[in-house]
Amino acid sequence: MKILVTGFDPFSTDKINPAFETVKRLPDSIADATILKLEIPTAFKRCGEVVHQEIVSAHPDYVLNVGQAGGRFGITPERIAINLDDGRIADNDNYRPINQPIEADGATAYFTQLPVNAMTRAIRKEGLPSSISLSAGTYVCNHIMYEVQYRRATEFPELKAGFMHIPFLPTQVVNRPNMPSQSLDDDICGVVEAIKTMVEMDGRSDVDSIE
Amino acid sequence: MKILVTGFDPFSTDKINPAFETVKRLPDSIADATILKLEIPTAFKRCGEVVHQEIVSAHPDYVLNVGQAGGRFGITPERIAINLDDGRIADNDNYRPINQPIEADGATAYFTQLPVNAMTRAIRKEGLPSSISLSAGTYVCNHIMYEVQYRRATEFPELKAGFMHIPFLPTQVVNRPNMPSQSLDDDICGVVEAIKTMVEMDGRSDVDSIE
Amino acid sequence: MKILVTGFDPFSTDKINPAFETVKRLPDSIADATILKLEIPTAFKRCGEVVHQEIVSAHPDYVLNVGQAGGRFGITPERIAINLDDGRIADNDNYRPINQPIEADGATAYFTQLPVNAMTRAIRKEGLPSSISLSAGTYVCNHIMYEVQYRRATEFPELKAGFMHIPFLPTQVVNRPNMPSQSLDDDICGVVEAIKTMVEMDGRSDVDSIE
Amino acid sequence: MKILVTGFDPFSTDKINPAFETVKRLPDSIADATILKLEIPTAFKRCGEVVHQEIVSAHPDYVLNVGQAGGRFGITPERIAINLDDGRIADNDNYRPINQPIEADGATAYFTQLPVNAMTRAIRKEGLPSSISLSAGTYVCNHIMYEVQYRRATEFPELKAGFMHIPFLPTQVVNRPNMPSQSLDDDICGVVEAIKTMVEMDGRSDVDSIE
């Protein structure tokens, strides 16, 4: 099994992004699955094509996109991507879409194929906070999650894909009072557990809720 | 123009629900539109039919469902409803769905037809905090928003519909430390402004983002 | 009985301060006590003398200073004032003390003489969130609370005095995401209840804790 | 130089306390100072005497008490201890004082002798969030901080002492939604930096504020 794991590069005022910091430190193999790691640009118009090309050339079974969600208290697998770009700030190409659909002929939304309930439970079992998120926002994180789902719907029907948000790193909150953070070691631990669960649950359903 | 505004009844440990408390105090007419007010049950299996019957009998041009979102800091119009029931707690019929689709043949999600950007801006102009929400959750609030959209898609193509969450009332947070609240007067003021905006924007597009 | 109630004027980027907005709207008499209302400057070096002169000329039995605490979720009577000025920002005279004692020969701290447990309970009984605070900070609020206590210790042994913090007004949080607020009506209601309780408890002890 | 560092044992529903978990993992020597480590009971009536005996027998130059502050976002050195026991919950001896002075003949409050500004700055320099706290509460944490200061004032005039609060561990917030946490490695790193700073600043003043 091959799993493509992507992480965004730094954006806005931050010089570091926990997403690719975590992704680049993942082992090359988790639960017998090969892990392909890719840094992708925080850019609405470019990130989709970068991932698309990697899917075309590497034929992964799964795509897991990882992004930063400043303000969240734990790792949050996303359940759904919506057909909307609406940037509160400009991206790394200085592009800021306002209330734009991502794909004119795309669905309003796509659910992930990842076992988010089981993933969340597995991360908690490691002693780390985690919960399912119902919104990946309307910035580049939702954009890439949506784009991969759209390509799945139109091009790669066998692909399974999804997105996970991770909190700020401690160093990012030194000058942001009362902002939660999580250490890089715990980010890595949580993402590894989530991937293990994806592999173990492959072909099985994920029906139980988590509180 | 006729606008049906609904509010849920109290649920869980709360003896009061700011939603219907607000709705029942709305004026009978706002910006020349007639306001129809309806209390609906916090019950997955019943709330949809109650609203459906009212749409059939009263022929409203708009449906605005209002619900409580404990923990939010202001009024939050919802942008999208998703095809998922997943209750953290049981409803007033003691029913707790786990990871169930709402309608087997429904879309994954529906966007609201309400001008949520303009509504949010109007509430802020009154000096009240407001922002667009990207998730109505997976409890009864999302359920009714989804159900009305599903009926719109299948039965009432002219209908415009949406959902607004309002915070706890102050009395509800007396024993909930560090929980935000909003006074009933401010709830009413905010919902009236939102409805005024719906009427004024009728037939116009709502393209600008709000921060 | 005479009660002097003060409220600070606006400071920093805010054009309004809920403290004097509330104080100036108090009735002139509460539970048979005469209410003297005074706006005081948000200025370390001037506020103490303004209050001192009013005590000298009006001979109040109680002094209640009211100030804004942005970020708090309810009305918070303060238990203690400490001998420290340490401004995160400059005051309205553009003065910013760093780690300075307020009075070289003052005590490290003074407890309030107000019945803060009973006051908190009374505010809650009105359906408003309230809790005792253990720190008035090191800005002008703590400064005036300390100054009045210092004058009490050295000049007015019969005086009873204390401080209450109140949250932002809703209008102040429109552009401050995820900040709690409280309406002006609820501020007034809460301060009136607290003063009623001060009058009723006069001469009695205030021993019970509140949770 | 000898530094006594104490950490509380677990209390209430928690099976672990980050305080002694951190303290017991400190190196035996930091910046040439000898580190003495002591677990102390979360018990109002016993913790003071346990520390007192250790001061008498080991003659430390500094005492640093460490405790858990659930809900805080980083390491917070405390500036002041107040003469008040007021437990929201019972301690490990099932004792719950309500509004009691700690020492009938003690001062209302004592400032710490530790260089809290410099300590906070040093922790931040390591990439960890930290700020000075103005209240150690009225539970066992404030109690031990006050007790050591009281003994200093009456018995050990050369002693320098203070208190640091550290956040929940990640494992403690798995079932506490939206609660901040900090990893044990980061707790240890932060406490080591703080102690280094205490040693380096020994005999120097600590005048600068920190924001």
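By letter and in written order, the chains are A, B, C and D; residue numbering begins at 1 in each of them.
Everything that follows uses one rule, which is that contacts are C-beta pairs under 8 Å (C-beta built on N, C-alpha and C of every residue); 3 or more make two chains touch, one makes a residue touch a chain.
Heads up on the chains, UniProt names are A, B, C, D = Pyrrolidone-carboxylate peptidase.
Values in this document were obtained by computation on a predicted structure and should not be read as measured data.
In this assembly, the chain whose C-alpha centre lies farthest from chain B is D. The centroid of the Cα atoms in chain A and the matching centroid in chain C are 48 Å apart. Distance from the chain A centre to the chain B centre is 30 Å, each centre being the mean of its Cα atoms. Separation between the centroids of chain B and chain C, computed from CA atoms only, is 39 Å.
Under the contact definition stated at the top, not a single residue of chain D touches 2 or more other chains.
If you draw each protein chain as a dot and join the dots that touch, you get one closed loop, with every dot joined to exactly two others. If you check the complex, the residues on chain A that touch chain B are 79-80, 82, 84, 86-88, 98-99, 107-111, 117, 134-135, 137-138, 207-209, 211.
The residues of chain D lying in touch with chain A in their complex are 73-74, 124, 127-131, 169-171, 173-174, 177-183, 185-186.
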